[in-house]
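A short write-up of the structure that comes next.
By written order: A, B and C. Residues from 1 in each chain.
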Amino acid sequence: MPFLYENRQIVTPGDLLAEGDYLAGFNAYKHDSRIYASRLGLVEYRGRKIDVVALNTFYVPSVGDLVIGKIVESNLHGWTVDLNSPYPSILRTSEALNRPFRPQRDELSEFLDVGDMILAKVISFDRTRDPNLTIREPDLGKIKYGQIVKVSPAKIPRIIGRKGSMISILKKETKCNITVGQNGLVLVSGRNREDERIAISAIKKIEEEAHTSGLTDRITEMLRKEKGEVIQ
Amino acid sequence: MTEKISLINKEGIRTDGRKLSELRPIKLEVGILSNADGSAYIEQGKNKILAAVYGPREVHPRHMALPDKALLRCRYHMAPFSVEERKSPAPSRREIELSKVIREAFEPAIFLEKFPRTSIDIFIEVLQADGGTRCAGVTVASLALADAGIPMKDLIVACAAGKAEGQMVLDLNDIEDKEGEADVPVAYMPSFDAVSLLQMDGLLTTEEFQQAINLALDGCKQIYVLQKEALKAKYQAIKEAAEVPEEE
Amino acid sequence: MTSVMVSRIRRQQIAQLIADGKRLDGRGQKDYRPIQIESGIIGKAEGSARVRLGKTEVMVGIKIDLGEPFSDRPNEGVLTTNAEFVPLASPEFEAGPPGEESMELARVVDRGIRESKAIDLEKLCIVPGKKVFVVFVDVYVLNHDGNLIDASTLASIVALMNTKIFKYELKDGEVEKKPGFSPLPLKDIPISVTFASINGKLVVDPWLDEEEVMEARLTMAFSKDGRICAIQKGGAGILSPQQIVEAVNIAKEKTEELRKIVVKS
């Protein structure tokens, strides 16, 4: 059984993970009949598939992703949005307004302007064109309240947790609304600044310790301690 | 004028106290610059070199973007204060050649086809130079690329070997490079036994060249282990601190 | 518009043939294209040569001047090598300052000459620390059809072999020309052999299409006595240690052959 590492061990690019009839999953690749890691991360052997949970990545858009972005440019056709990704993305006016755009009467900048943050969804992306976004669904659009914290996109799954377990704890303990963008931006909106601050420091701690075990317990404990101190 | 300096004494010890096939002491740190997407720092003997990676990111100027893969760019540069006699900040012919040769050392290792129409920019800044800077530069830039989360087939590691005062030596320092008979820098992908940078200047018989390459590859394999440790170090430390069972 | 990009079909043909040990132009692995050498063609230069390697054409002119030695080598003359990718040589060459490719070419040609100590630089010293002869080697690429390095090295060494320096007399520390010339003092004849690695196989003297398709390029220069004096790997691919050994053996053999051609010319 040629598994060359223990599960959840840290591996580096070029590390030989296994030899034989396996499938290369995330952040791993196959050459001849060998599976190698392509990124620094934790190796996970799942039956025939071998994944590496990367410790740090950048965001490459995927259709259907919920993302948080910043408007950086506006023109007649719509806006350019910075998703903290190698690829700038495009929000066309047709994907922003729920009615046709009337250039004579509509002033686009009143609707969305450079510097605004938006919650959007990726609707298209391929190798030849920049990603396209939409904000036409309910709950999408300009972000008006809350604070945004930036983390490595690789940590987003850990912030959500298995079946949402981690994010439920965060929401419950801090009473904040937390919206996670797949591109590494997280929107925290609470009753007051202090609750938001506690939520953000928990998120930062998750980012730092995502690769360790027992994290859920430590975060729960940290949140209870913080709240305890505040009440006093 | 100047007396001929002896590079190796009768006991086979070099000017900096090393044995013939001994590497200089190496210190590696990863993730030290906050703005760059990835960064790392190396000290190898008296060499002090900083590497940073920006990317994948939008290509500027736009017309240089490649439709099917990322554009890899590399700048090897020496700070004016890095050498004995101040070096002009303008890129010298040597820096231009080394920038090219180092970029070519990384091209086979990075999954460039995964990120069309972007650029990956590698910056290597030599803050203090003492021979073998292109190899140390490759070694540290590898870590910066990994730190940036750029997927690679393998880490690239580099080391030079050569001949000084008639003997084959590993990891030449500045005086050995200047006064010695030959210098052979090599960059290597250990998982594939593949050479991605190879140069030589000096005079070597074909047998001596073979010895030099073997010595350099051996040095590469040793440094590879240090690279891996450096990448894991930060995360291992956090893991150990976090998972310590609480003592009440 | 003319593009030097190689079509997909041609790429496959080249790669397939090479796997069988053959090349698209009929050559074998170790065969050079026909070489034509002319020397002394530019009268106003102190030395010159033109080399045609297949359709690649390179001219080298040598100019001699007086100058100061480098501070760390006060008893030696100065060698400086430059290469220009003249725009007329290829639709891909643009006018302007030297790019990284021409810089690399100049430095690799220079390395072969310098490390083999081909020029007896000490004999070019006039007043130690103050006045020496400066040898300018200018490589002028006139037509690019592959393997500029070997064509340039050949042309450079032939040009140096027919370079003449003026005779002089030192009067009160000033150099005064005397009638007559002496040949540039040469101690060696470095020759380079360049390989392309295509689908893992090595071939010598790649022509343009092979260069477009190759994974890596490997140049090795040898001195007269069979020692290696310069090596440069180029290109975005890799070489195995076994390929490097193979290249050393073939290059040693070929440089001897090429040197005979040079000496005869």
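Assume a residue touches a chain if its C-beta (ideal position, glycine included) is under 8 Å from a C-beta of that chain, and two chains touch if they have at least 3 such contacts.
As the structure is a computational prediction, the values presented were derived from the model and not from experiment.
S.K.: Should the pattern of chain-chain touching be classed as line, ring, star, complete or other?
M.R.: Topology of touching chains reads as a line.
S.K.: Pick the chain whose C-alpha centre of mass, unweighted, sits closest to the average of all protein C-alpha coordinates shown.
M.R.: B
S.K.: Can you check how far apart subunit B and subunit C are, centre to centre, with Cα atoms defining each centre and the answer in Å?
M.R.: 28
S.K.: Just curious, how far off is subunit B from subunit A if you go by their C-alpha centres, in Å?
M.R.: 33
S.K.: Roughly how far is subunit A from subunit C, centre to centre by C-alpha average, rounded to an integer in Å?
M.R.: 54
S.K.: Using the touch rule from the top of the page, what residues of subunit B touch 2 or more other chains?
M.R.: Touching at least two other chains: 189, 192.
S.K.: Could you list the positions in subunit C whose residues touch two or more of the other chains?
M.R.: Residues: none.
S.K.: Under the touch definition given earlier, write down the residues of subunit C that touch subunit B in their complex.
M.R.: Touch residues, subunit C against subunit B: 74, 100-101, 103-104, 106-107, 111, 114-116, 215, 218, 223, 226-241, 244-245, 248-249, 252.
S.K.: Mind listing the subunit A positions that touch subunit B in their complex?
M.R.: For subunit A paired with subunit B, touching residues are 10, 12-16, 27, 29, 31, 36, 38-40, 54-58, 60, 86-88, 127-128, 152, 154, 208-209, 211-215, 218.
S.K.: For subunit B, which residues are in contact with subunit C within the complex?
M.R.: 1, 93-94, 96-97, 99-101, 104, 107-108, 184, 189, 192-206, 209-210, 213, 217
S.K.: Given the complex with subunit A, which residues does subunit B contribute to the contact?
M.R.: Residues in contact with subunit A: 37, 55-58, 67-68, 111, 115-118, 146-149, 151-155, 189-192, 227-228, 231-232, 235-236, 238-239, 242-243.
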